[in-house]
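Single-structure report; data block below.
Just so it is clear, A, B, C, D, E and F label the chains in written order, and each chain counts residues from 1 on its own.
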Amino acid sequence: MSGPRIRVVNPNTTASMTASAVAAARRAAPHATVEGSTPSRGVDSVESHVDEVWGALGVLEQVLAGERAGTDAYVVACFGDTGVPAAREVARGPVVGMTEAALLTAALVAHRFTVVTLPRRTREQSDRVVGALGLGHRCVVRAVDVPVAEVHEDSTHLLETFVEQGRLALEEDAAEALVLGCAGLTDLVDPLRARLGVPVVEGVAAATTLAVALLAQGVGTSRAATWAAPERLGPVGA
Amino acid sequence: MSGPRIRVVNPNTTASMTASAVAAARRAAPHATVEGSTPSRGVDSVESHVDEVWGALGVLEQVLAGERAGTDAYVVACFGDTGVPAAREVARGPVVGMTEAALLTAALVAHRFTVVTLPRRTREQSDRVVGALGLGHRCVVRAVDVPVAEVHEDSTHLLETFVEQGRLALEEDAAEALVLGCAGLTDLVDPLRARLGVPVVEGVAAATTLAVALLAQGVGTSRAATWAAPERLGPVGA
Amino acid sequence: MSGPRIRVVNPNTTASMTASAVAAARRAAPHATVEGSTPSRGVDSVESHVDEVWGALGVLEQVLAGERAGTDAYVVACFGDTGVPAAREVARGPVVGMTEAALLTAALVAHRFTVVTLPRRTREQSDRVVGALGLGHRCVVRAVDVPVAEVHEDSTHLLETFVEQGRLALEEDAAEALVLGCAGLTDLVDPLRARLGVPVVEGVAAATTLAVALLAQGVGTSRAATWAAPERLGPVGA
Amino acid sequence: MSGPRIRVVNPNTTASMTASAVAAARRAAPHATVEGSTPSRGVDSVESHVDEVWGALGVLEQVLAGERAGTDAYVVACFGDTGVPAAREVARGPVVGMTEAALLTAALVAHRFTVVTLPRRTREQSDRVVGALGLGHRCVVRAVDVPVAEVHEDSTHLLETFVEQGRLALEEDAAEALVLGCAGLTDLVDPLRARLGVPVVEGVAAATTLAVALLAQGVGTSRAATWAAPERLGPVGA
Amino acid sequence: MSGPRIRVVNPNTTASMTASAVAAARRAAPHATVEGSTPSRGVDSVESHVDEVWGALGVLEQVLAGERAGTDAYVVACFGDTGVPAAREVARGPVVGMTEAALLTAALVAHRFTVVTLPRRTREQSDRVVGALGLGHRCVVRAVDVPVAEVHEDSTHLLETFVEQGRLALEEDAAEALVLGCAGLTDLVDPLRARLGVPVVEGVAAATTLAVALLAQGVGTSRAATWAAPERLGPVGA
Amino acid sequence: MSGPRIRVVNPNTTASMTASAVAAARRAAPHATVEGSTPSRGVDSVESHVDEVWGALGVLEQVLAGERAGTDAYVVACFGDTGVPAAREVARGPVVGMTEAALLTAALVAHRFTVVTLPRRTREQSDRVVGALGLGHRCVVRAVDVPVAEVHEDSTHLLETFVEQGRLALEEDAAEALVLGCAGLTDLVDPLRARLGVPVVEGVAAATTLAVALLAQGVGTSRAATWAAPERLGPVGA
């Protein structure tokens, strides 16, 4: 086994979501050693800001574990990029969130594009990343009101819903590509591409390839200020 | 004792910081019943994104405690507004972060203004709130490289540093008011106003008065989407 | 009689609008002494930029009167915040426009929100304040084509119109709160909240509570530049 | 005498400023019939937001006079474009503010440019127009702290001050052109061009040529909403 | 023959489009000497980014020819302003693109406005100019999917299509003016104004009048940096 | 030889610059087959907008050659991303500009960052890409006034100049990473990283790794509108 060691960190505790994210990452980085990482404790799905608090804690725990295991780079597999800033501080290597990765990928292949996320209440999480990158002039965020829990095992039952949103995006948003706004939608990529005829960007794959790209450039997280190594990792004794 | 019950939540575990925040809040809302709230476990200072993970957890814990105690509104006393989105989801009443409150206050009394935050590595935390409100065209963020830990008990030793930053802000940023970028700077407000001759906005006081303002308007957090009540509050058994 | 003296300045000459604004302000600030202020001369409704010229003159006149009467803070009760910058220059205490106050309030309780203003031709006046605050990424402005004159006495006949706009806002704009875009709509607040189930922000109430908040913080208008005291108050002899 | 009739409206009562603005306009539009227009009553200089209230009233008065006299287009000769929106509503022909005209002109000849305005307290008035046009990414506003009253007759004594600001603009702002931020600076244009070697844009000339340009295109103010003809022109009997 | 010599440069090789652009320019600048300029080699229509490469080369060739002929100012007659930056570098006098001119004109007569361009794939070209000017907050870009080639001789067969788009713009975009997004639509101006009742801005006329305006101001392209004269005009021997 | 076939297109005719870009690309993508591509005719350096016209033509020529040779993806090796939109239309596979790639890379490892480009007159070319991506709130562009021609063979003589700019960027811009703004600076990467202690992003390496990343994701240029295959590739007979 060779290539860089990439750890795909799932902020929730649902092992089936970790497994499908790992599978997506492996398809996108066949030369890398991809491992999945599931928090020992937390919520089984990240669908609210409260869930994100626990998700960030899980990411932190798993990145610390990854550091002990010699991980080269991390992918955070949750739309909204929960825990990414903290992960950047503690990881020696680069950390890429699936949301930022998907948006940057879309920006390279489409002038305007649309995120379709779920559930509806998490639109702010997408807006937050769009805003941090400054892509609001090229990107629209749409939401379907389905809980993440519904895609824990499989998302193919949502195909028609996404086809419909995709068609609205092409027509009303002048979108030229679609970004899937959840880590649990990897099995929609191929059928959606076939049905819509435009690029469909999946964030776990995107983040994995960008993590590999950063490693290949020899470019890591800047320690100059924002993501410098922290003074402490948690409560005394944690 | 009358007036609304306001809980000032300190995301770190340093009781002296809670105490000075509570004092600032009480001065700003003499008719309210102001209580302080210090997490039982966490970090003694929030100076990194890792610290924010623990800080958000502490905020969540304390807001849940506040709900059991019948709190009317919450102030989150940490520059960067750590944990505010989660707090909004679980609190029945309004939640105001000290950063957003300070920025909105400054926008009502100054055309352009400058935040002076600390330490330097937390500039992103200020930028994040400035960006969420869209105030980047009116607000500059400056940072002095002093750890938050240094202001746990008192900040008057930093007066000259802040006077110098304030003067630079007036001259180079065309600032017309100053925003203090840390909960531990309440004792700088009066001397800085005297020295600089411009409004100096302190976030805990600002957030407390805005929390009272929301209660007086009968306006609470929207449950329509972003901050709807969450499905769960944490791991099973937490 | 105690509490701060707040003067609600109506830029138009319609006393019934002043009265309903004063009533809204009193409900929001029961501890304050709220007085209404109606220009001696001007237009009976502000529905155009020409009307705003006369409205600003009326605001200036009334704030000067307020200064003679020892007013602590001012609320300008016209959507578009006509005359607010001039009022800031002449008032010793803070001045809050109902539009800026409503937008800032909405930003604290909703991720995205929609203003419904009237008449259609005054959409620019709303856009102007949204732009000054930088909230364009979170706020949509809608307009119904009803003259302000139609709400001089009462606005309940517009309830269904606003319910319809509110529903469109929730659905098409992803709004999570509504801002009422006219001082004459105070009697719509309660029925709209009941019908839409989201926060409905009314600017006079919002501005009154924010004026109280500024007073409580001891923060007044910066004299550093933009709103320094003016050299003169008007034509020689005026 | 032929060509379109252009009225240069000075919002203040200082006839010498009207005269020099008219002279600048005539140089820029030799084929037009340029008339000056000075309010009968108002302030002798616009240096504050209070002054702008009186200035806008003067503009309104003079545009109404211009309408009676058959004016084809108007130039508003005050940096900050005081009264322009109201003027647009009452004028049959186009109305151009000197600030917007100068900024649009600069945008056609320079990638980045700097406004040098006076006095310092009126920076907001420049920012307001820059913001309305969306040119903040290409334009910096500088201010020198000289009252407008000091340039009522002549501004050549300020040449070195403007040369210094211009040099700072070229160096620190990467400016490639300068915009003069006051109607009283027309006699600085030629010496500044000679000294700085970059385009120096003067707003009265710019607005006059743009007014001619709009007339030549047959394009007038839209009546669709924002600047539709108003219901009334002022108080009953005014 | 008198007045300034304006050269209308058509980036494509279709002489009938040059002719109708020249006619539009002459109507807008009856005192100028307007000449048309058609590239000797290139594409007969600019409908893609590849076409723009050839169009820019044609613009460069024709501006060099214009310089030899003593041209005072240039209008580039292609929506998207292909070749304008290069033209600015080589021309002694000002260069105005029809897109920037149309947008700036619209900004003077309408608070919000809509571009209707064609074909659909060139929306990015409009977005590019809107973005460079910063007018995204006031301007919507719509596209109809008709190739430019279809309007080489005449565009009146598209009247109903544009009326429909114009009505949608007024209703859905709150547009108050329309910008025609192609040089081949000059014969739609009058009928559209009649049908829609709002200003309809045509870019060739707009650019011609702005070129005249720059000449009248004595303001030319800044040589300070971005558009300084280039070291070379093309390949050795070209 | 295996891996994807990546063609590094140099828009200028200087073979030594192609060679060093190819070397940088190979270091960043050791598993790919990297070929260099130099236009047969054009300018020997891209330092102006006129040069960009010829550069874009060269890119188009070389991408067409690449298509005949079965290229999988393209890197355009010129700061400013000259010719990238046209290249996207004609290439079957993805096309990545070195500027956009460097900016996106920097956004993943630094909160704020600074581009140092050359010569000074090409700052607009950087601003253009920063603006298209919307990164203006996180990125400052600096320029040193050295012609590109000076780095055709080597850039190590500029090390101290870049160290100085880098230090100013860290201090004055709060930059946390540096982006090298020219394809001829690859030999500065290592010494600058050593001297400044922050990530130094080189665009050719960045673009190569992002091209590989897009291929690995199976995501190509959207054909929905902006970059659909063009109707024609150039003049008839070209």
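Annotations
Operating definition for what follows: a residue touches a chain if its C-beta (ideal position, glycine included) is under 8 Å from a C-beta of that chain, and two chains touch if they have at least 3 such contacts.
Going by UniProt, the chains are A, B, C, D, E, F = Allantoin racemase.
Small disclaimer: the values here were computed from a predicted structure and weren't measured.
Least step count on the touch graph, chain A to chain C: 1.
Across the two interfaces under comparison, A-F and D-F, the one joined by more C-beta contacts turns out to be A-F.
Chain centres here are C-alpha means, and the one lying farthest from chain F is C. Comparing the residue numbers each copy contributes, chain C and chain D share more than half of them at their mutual interface. In this entry, C-D is the pair from A-C, C-D or B-F that repeats the interface of E-F, since more than half of their contact pairs coincide by residue number. To overlay chain B on chain F by their CA atoms, one rotates by 120 degrees, a value rounded to a multiple of 5.
Spacing of chain D relative to chain E, judged by their CA centroids, is 27 angstrom.
Spacing of chain C relative to chain E, judged by their CA centroids, is 43 angstrom.
Between the Cα centres of chain C and chain F there is a gap of 51 Å. Residues of chain F in contact with two or more other chains: 111, 123-124, 131, 136-137, 174, 225-227. Chain pairs that touch one another, listed by label: A-B, A-C, A-E, A-F, B-C, B-D, B-F, C-D, C-E, D-E, D-F, E-F. Listing the residues of chain C that touch chain A in their complex gives 111, 137, 174.
Interface of chain B with chain F (complex): residues 123-124, 127, 131, 136, 143.
Of all residues in chain E, those touching chain D in their complex are 28-29, 31, 94, 96, 100, 104-105, 107-112, 133-138, 170, 174-177, 197-202, 205-206, 209-210, 212-214, 216-217, 219-227. By the touch criterion stated above, chain D contacts chain C in their complex at residues 13, 41-43, 47-54, 56-57, 60, 83, 85-86, 88-90, 120-121, 123-124, 128, 131-132, 147, 225-228, 230-235.
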